[in-house]
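What follows is subunit A paired twice: with subunit B in the first complex and subunit C in the second.
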Partner chain A sequence: MKRFVIIATLLATVLILGACAQPTPEVVEKEVIVTQIVKETVIVEGTPQVVEKKVEVTKIIKEVVTATPVPKEPVVLRYADKAADLGTMDPHFAAATNDRNLVDMIFNALVRYKPGDGTQFEPDLAEEIPEPVIVDGKQVWTFNLRRGVMCHPSEQVPAYELTADDVVFSLKKSANPDTSAYAGDYNGMTVEKVDDYTVKITMEQPISPVLFLPKVADYAGGFIICQKPYEAMGAEEFKTHPVGTGPFMFDSYSPQEKVVLKANDNYFRGRPLLDAVEYRFMPELNSRELGLRSGELDVINGAAEGQWVRRMNQEDGIRVDVYGVGEVATIHFNLTVPPLDDVRVRKAIAYALDRDEFLALFGEPVAANVYSAVPAQFLPGGLTKKEVDELGLEYPLDLDKAKALLAEAGYPDGFSLEVVSSERESYLKNYQSMQAQLAKVGIDIKINTVDHSSMHKLIRQDVNPIVIYVAWRPNADVYLTRFYHSDSIVVTGAKPDTNFSHYTGIDDLIEQARVELDPDKQIELWKQAQIKLLEDMVSYPLQYQNQVTARRDYVDYGHELKSVLALYPQITENTRIVK
Partner chain B sequence: MLKYLATRLALTIPTFLAVLTLVFFVVRVIPGDPATAALGDYASQEAVEALRERMGLNEPLYMQYFQFLGDLARGDLGKSMITGKEISGMVKQVLPYTLELTLSAIIVGALLGIPIGIHTARNSNTLVDYIGRITSLAGLSVPAFYLGILVMLLFAIKLKWFPAVGGGDLSDWKSNLSHLALPSLTLGLIMTASVTRLTRSAMLNVLNEDFIRTARAKGLSERVVVFRHALRAALVPIVSIIGIWAANLIADSVLTETVFARPGLGKMLVGAIMQRDYTALQSVMVIYTGFVVIINLLTDLVYSLVDPRITH
Partner chain C sequence: MSSKSLGVVEPTFRLRSQKQRVIHTFLRNRTAILGLILTAIILLIAFFADNWFVALPQGKEPTPLLAHYNPLLQDTRNRLSPPDEDHLMGLDSYGRDIWSRIVYGARVSLLVGVSSVAIGGTLGLIMGLLAGYLGGLVENTLMRVVDILMAFPSLIMGLMVLAVLGSGLFNMILAIGIVLSPTFARVAHSATLSVKANEFVEAARAIGASRMRIMRVHLLPNILGEMVVLASIWIATAIRVEANLSFIGLGVSPPTPAWGSMIRDGTSHLFDAPWESLYPGLAILITVLAFNLLGDGLRDILDPRLQR
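Our next item is the complex of A and B:
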C-alpha cells in the first residue's frame, strides 16, 4: 500500500510538472514571399535614369515555434508616485501631481508643451499654432484641427473622430466654475465652431501669445475631453473613467493601488511603444525605492535631496533624473502686521538670511537659488542674479546691517513671531532654516507644524505673519497676479487668493503687462514689477526645487528631460523599455 | 449562550454610535477640507467654494451627521467625496487583502510564538530561554514599519525570494501568496514576540501545578503532559493575547500596508485622511470598529471552548 502511494504521488508530480512545463521551442525554416523595392537604371530616350521597381522575392526565414505558442509578454511601464490615491482624472479638476500625470497621458490639447521641454509650444490637436488677428478690437485665434484624431472607445460610446464640437464643449466646460477648477483663466474668452475642423477663439482683450497659449495647452483647463462619453457617463463617472485622445487610454482603477492605462492603438502620432502603463500609488519613499531596486518598479518619484540623488545614482542599473519645472520657494512678509509693516524690518530680515544656507538643505542639483518672484530659469520675465546684483537688490548676508536696521526701526533686541508650517520637507526645512538664521539677530520664530492641507487652509485665513510658499505657476502674469495683485489679498481681496503680503503696489504694472502685445515690452513691465517688490522687500525669493525621478536604466522616455509642467518625466508614445 | 450573544450584540450598538459620532466630528475639526485637498493650491477660492457646495460641506453639521447615520442604517456607506466611487465597492476590493494579511499574521504569530513559548518555559533559565526572552523583547520593541523595511531588504533585495511591494493578484494564488509572504512575516514576527512571552509565563505557572506533577507521577509521556494537560490549562491567556493581537494587527495593517504598498483598509484609511475624504474615512472606521467588536466576541466564545469551567 505504502509503495503504491509513493508511486502514485511520483506519477502525479510528473504529470503536473509535465503540464506546467514550457513547450520546447524548435527552430524551423520557412519560405515567405516579400515585396521589395529595387532601383534599376533604364535608358529613356538615350539618357540613363534610375527608377524604382517593385519585385516579389522569396526568402527563407528562420522562425522559433512551439507546439503551443508562448504569448508575447506585454511591455508595461510600472511607475510609482508618492500619492496615496487617485483624486480625479477629469483634467479640468486635476490639481494633485498624480492626477496631472495621469491626465497628461490620456488627453491632448490644441497646442502642447514640447515633451520634456516646458518652454516651447508645438501644435497638438491643431495642425499649427495660428497667428492671432484683431477684429473689431478683439483678438481672434483660429485653430484648424487635425483630421483622424480618434476619441478613445468607452463602455457607453465607441471610438469616434474628434471634431470642433468636442473642442468647443471642452473649452466651455473649462470656463464654467461648476465643471472646472480653472474657470478663472477663461474669463473674456469666447469659443465657437466654424466648421467640423475649425475652432475660433475670441479674446475680449487682446493678450500676448505667452499668456494665451497656456490656456489652450496641455495643462489645467486646456486639455480637450471628448463630449459624447462625458455626457453619456456624467461628470462623476468621468472622474474615474476618463475619455480623451491621448497615447494611453484608461483601462482600470484599483483604489489605493493603481491606475492602469493601455496603449491607444489609434493614436494619431502612432501606436505607443509601450503596451500599458501601471501607475501605482505608493506614499512611502522607502517602499518606492526598494521596489525600484528589486526591479518591481521601472520609474519612481524620488526625494528632492541632493544626497538621495547621489546615493541612488550609485546603484547598479538605476539612473536619477533631475529636471524642471522647479517649484519656487518664496518668503512672503505680511505688510499689515507689526513690526513687518516697517520696510526696515523686512530689509533687516533679508540681510539676515543667506540663500546658500537654505540651498544647502536640498543640495545641488535638486535646487538652485532664485532672485525674483518669477524664476528666470524657466519663464520669461524673471530677474537673474546678475540683474538684481547690478540693481543692488540681492540683499547679500550682512548681519551687522540687519542689526543696524532693526535698531533703527526700534527693535534692537529683535522680536518674536509665531507661524504654522506644513509637515512637508520642502516647507518645514525652509521654515526651520529661517528660524535658525533669524535667531542670530534676535528674531525668535515659533513654528507650529501642521499637515499640508491644514497649512493651506490656515495661511489663507491670514494666520501667518510670514508665509513660505512653494509653487509653480505657468507664466509671470499668474505668478504676479496671484501673489501680489490687490484683488488676490487673502481674506479681504476682491478675489481672495494668495497675496499673503497684502501688497498693493504693482497692480498697474501687472495689468499693463497683461495687455501688452509686444513680448519685449511685456517682459520689461514684469521685470519692473519685480524690482519694485524687491525694493519694498515684499517677499524674499529663495530657491526653486526641481523634480526628481529615478528609473531603471532600460527606460527610455523618448525625449530629453529639461522641464515638464505635469511634474513627471512625461510618458508618451515614444517612451519605451529597452532590455 | 444565546442570551449572552444577544446581550453582547445589543451592547455593540452604543459602542458603534459612540465611535461614529466621535469620528464624524473629529475629522471635521481638523483644519483643511476635502475641497481644498482635492483642488490643490492652484485652484481659485471661487472654485474651492463651488466644490464645497457640491460636496454638501456647506450644509449644517447636524444635517450632515443625521444624513450619515441614516445612510448607514440603510447599509449605505455612501460615495467617496473625492473620486465619487461607491465606498462599499472600494471596501470590497481592498478588504480581502487586509483579511488575508491579518489571518496569515495570526497563523505565523501563533505557529511560531506558542512552540517557542512552550520550549523556553520547559527550559527556563537556560541559554535557550535567555535567547528566547531577549529576542522576544527585541521583537516587541521594533516598530512594524522598520521591521518591514529590514525584511524587504533581506528577502526581496538581497535574496530576491519574494516581491517587495504590491498586493499581487487575488485571482492568481501564486502571485497573491508571494506578495503576502513578507508583510505577513513582518506582522507575524511582532505578534510572535508577544505570544512567546505570554505562552512562556502561562506555561511556567501551569508546569508547577500539582496536577502536572500527578500526571508525570502516573507515568505519562512528557509530550502528553505538556501538550494535553499543561497547554490546555494555559490556553486561556494565550487565546486572550491572540484575540488582542488580532485587533492590533488590523490596526497595524495601516503601517504594514503603507510600507509594502499593499491595497487594504489601512492604506485606504491613510489615503482618506490625506485627501480629507470624510465619507471614506467614516466608513473605514465603521468597519474597523465592527472588526474589533467581532474579534472580542469571538475571543469570549473561544474561552468556553478551551476551558469548560468558563460558562456564559
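Our next item is the complex of A and C:
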C-alpha cells in the first residue's frame, strides 16, 4: 500500500511538472513552393539579351515548431478616465468628456479634425472636402463617399458597407431634437442621397467653411452612425451598444468599471495596431496615478496642476502631455439681478479681480490667461491681450477704482451674494479665489458646494447671480451664440442654453457673422461682438485650462499632440505600444 | 426640628468620601488625565484662536492670536509651500496657512461636536424618558422609531438628513444631532426603566405627583449622570461624522476651515504636498482620542457597575 502511494505521488508530480513545462520545440521539414526570379540570356533579332523570368520551384525548408503554439498576447491599451461612469455612447447625445472620448474611437464623420491637431480638417468618410456651390441662392456641398467602409458587426446586423443611406439617416437624426442634443446646429440644412456613394447637403443660408465643416466633422452631431443596427436595436440600447465605422468597436461595458473596445479588423485606414482599448472609470486621481506608476495602467487623466506635471515628468518611464484645446473659464454676471444689473458694479468686480491670482492656482503650463469670450490662442475671432489693452478693456487690478465704482453705484460697503459651485477643482478653485479677492472690496460671496451634475442643473435654473463656467466650444459662433445670444438665455430663452447673463446686446453681430462668407469680415464681426461684451462687462474671461494626460513612455499615440476637441490624446489606428 | 436636635449625625463624611473617591478614581486613571489635558488644550486653542474676547466688545474685527494668519487669506503664488518657520504646517492649495486653519477649524469641530450632542442628547433623553416612564403604546412606538433610526450607519443617516435639509453648518449640526439621538434614547429608556422601579418614585406617585413632575424631579436627575458620560464619548463620534461629511463636501461652506474639508482639499496633492491632509488628519485623531479617553474616564467614575 505504502509503495503504491509513493508511486502515485511520483507519477502525479511528473504529470504536473509536465503540464507546467513549456512545449518542446521540434524541427520539422516542410515542402513549400517558392517563386524565384532567374536571369536568362535570349537571342532577340540576333542580339543576345538578358531577361528576368519568374519560375516556381519546390523547396524543402526546416521549421522549428512547438507541439502547442504559444498564443500571442493581445496588445491592450489601458486608459483610466476621471469620470465615475459612462453617460452614453450615442454620439449625438455624448456631451461629457469621457463619452466624447469613447465615441471618437468608435465613429467617423464626413470630415475629421486632423488627429492631434484640431485646427485642421481632412477627409474622413468623404473622399475629399468639397468646395461649395451656390444654386438658386442656396449653398450646396456634395460629398463623395469612400468605398469599402464597413459598419461594425453587431448582434442584430452583420457587418455591411456604409452608404449614403447611413449618412443621410445619421445627419437627419442629428437634426432631430428628439434624437440629438445638437439639433439646433442643423437648422436650415437639407441632406439628400444622390446615389449610394454621393450625399448632397444644402444650406438655406450660405455659411463659411469655418462654420459649415464642424457640422459634418467628428465632433457632436457630425458623427455618422450605422442606420441598420440603430433601427434594429433601438435608441436606448444603442447608447450602450454603439455601432459605427471607427478603428475600434464596442465589446463590453461594466457599469462604473470599464468599457472595452476591440480593434476593427476591417477599418478602412487599416487594422489598428492595438488589439483593444480598456477605458476604465477611476474618479480618484491618486488611484489613477498609482495605477500608472505601477504599470497597471498605460494612460491616465492627470491633474490640471503645474506642480503635478513637473513631478510626474521626473518619474522614470512616465511622460506627461499638456495640450489643447484649452477649456475656457469665464465669470458670467446675471444682468437682471440687482446689484449686478448696474454696469458700474460689474466693472467694479472686474477691477477687483486679478487674472494672475486665478492663474496661480493652476500654474504653467497647464493654464494661461484669456481676455475675451473666444480664446484667441485656439480659435479665430478671439481678442488678444494686446488688443484689449489698446482698447482699454483689460480691466487691470485696481482696488481703489473698484471701491469708487461701488460707492458711485450706491454700495460703498459692498454687498452679499450666494452661489452654488461644483465640487470639481476646475470650478471650486475659481469660485474660492473670486470669493477671497472680492472680499477685499466688501463683496461677500457665500459658496454652496454641490456635486457637478447638480451644479449644471441648478445654474440652468438661473439660481446663480454669478456663474463660473468652464467649457470648450468648436468655434466663435458657437461660443457667442450659446453664451450670449438672446435665444440661449437660461429658462426664458427661445432655445434655453447657457446665456447665464441674460444678455441681448450682440444678437445682430452674431447673426451677421454667421452668414458672412468673407473670413476676415467674419472675424471682425466676432471681435466687435466681444468688444461690446467687455464694454458692458457681461462676463469676465479668466483662463483656459489645458488637457493633462500622463502615459507610460512605451505608448505612442501615432500623432503629435497639439489640440484635440474630444479633450483626450486620441487613440487611433496608429496608436501603439512599443515595448 | 433639625436632625441635630434629635442627636442624629449628618452623614457628611459619606459625601466627602464620595468626592474623594471620584477624584481618587479619576487621578488613578492616567489615560483619563491625558484625555482631560488634551481636551483642555484643544478648548484653549479654539478659544484663543483670535482675540475675539477683546475685539468684539470694542466692535473691532478680531485679529489672530494663536493662529498666525487670517485663515482665509490666500497667497496663491506660494501655494503648497512646505512647512517652514513662518508657516509651521505649510500652505494649502490656495496658499492659506494650514496651522491657522487648523486652529480656527477647532472651533467648528468643537461647535459641531458639542451642539450636535446637545441636540441629539436632548432629543434622545426626551424620547427615552417618555418611553420608559409611560410605557405601553408610547414606548412601543418611540422605541420602534429608535430601532429604525439605529438600523442606518451614522454616515448614511447623516447623508440622508443633509440631502433633505441641504448642506451648511447649522444643518450639519442638526443632522448629526438626529443621527446621535437614537443611542441617547436607548440609554435613557433603560435607565428610566431601572429608576422608575425604585420606591421613591412609587412614593411620589402615591402622594399624587403629576407624571411630568415625577419625570422632571425624580427620574431626570437620576439618569442624567449616565447621559453625561455618554455625551462625552459621543462628542468624539460627532466630530468624526462632521469630518466625514465635510470630507465629502456636505459640511461647512468654503472657505470656513473645517478639518474634514481640509483633508479633502489635500487629497489631490497627497504625493506633492502631504502636509495639506496630514495635519488636519492628526488634529482629528488627537481630538477624537482626547474625548474618548475623557469619556472612558468619566464612565469609570460614574458608572456604578464599573466601580472597583
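Going forward, the second predicted complex is superposed on the first by the 519 of 579 C-alpha atoms of A that agree within 3 Å, B and C clash if a C-alpha of one lies under 4 Å from a C-alpha of the other, contacts with A are read in each partner's own complex, and residues count from 1 in each chain.
One rule holds for everything that comes next: contacts are C-beta pairs under 8 Å (C-beta built on N, C-alpha and C of every residue); 3 or more make two chains touch, one makes a residue touch a chain.
Everything numeric in this text was worked out from a predicted model, so none of it was measured.
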Clash or fit (per the criteria above) of subunit B with subunit C on subunit A: fit
First (subunit B), second (subunit C), both or neither touched by A:Q307: second
Partner chain(s) touched by A:N286 [first = subunit B, second = subunit C, both, neither]: both
Which superposed partner A:P177 touches (first subunit B, second subunit C, both, neither): first
Which of subunit B and subunit C A:T142 touches, first, second, both or neither: neither
Contacts of A:T504 with subunit B and subunit C, given as first, second, both or neither: neither
Partner touching more residues of subunit A, whether subunit B or subunit C: B
Partner chain(s) touched by A:N448 [first = subunit B, second = subunit C, both, neither]: second
Which of subunit B and subunit C A:A360 touches, first, second, both or neither: second
Superposition-derived minimum Cα distance between subunit C and subunit B (Å): 7
Intersection of subunit A interface sets (partners subunit B, subunit C): 284, 286, 450-451
Residues of subunit A defined as touching subunit B within the complex: 80, 84-88, 93, 95-96, 177-178, 180-184, 220, 236-237, 239-240, 254-257, 280-284, 286-288, 290-291, 293-294, 296-297, 450-451, 453-454, 456-458, 460, 471, 473, 495-498
Partner subunit C, residues of subunit A touching it in the complex: 284-286, 289, 303, 305, 307-308, 311, 357-358, 360-361, 423, 425, 428-429, 431-433, 435-436, 439, 446-451
Sites on subunit B touched by subunit A in the complex: 30-33, 36-48, 50-51, 54, 79, 82-85, 90, 93-94, 149, 152-153, 156-157, 160, 163-167, 258-261, 263-264, 267-268, 270-271, 274-276
Footprint of subunit A on subunit C - complex, ascending: 72-74, 76-77, 79-80, 93-95, 166-168, 249, 253-255, 267-273
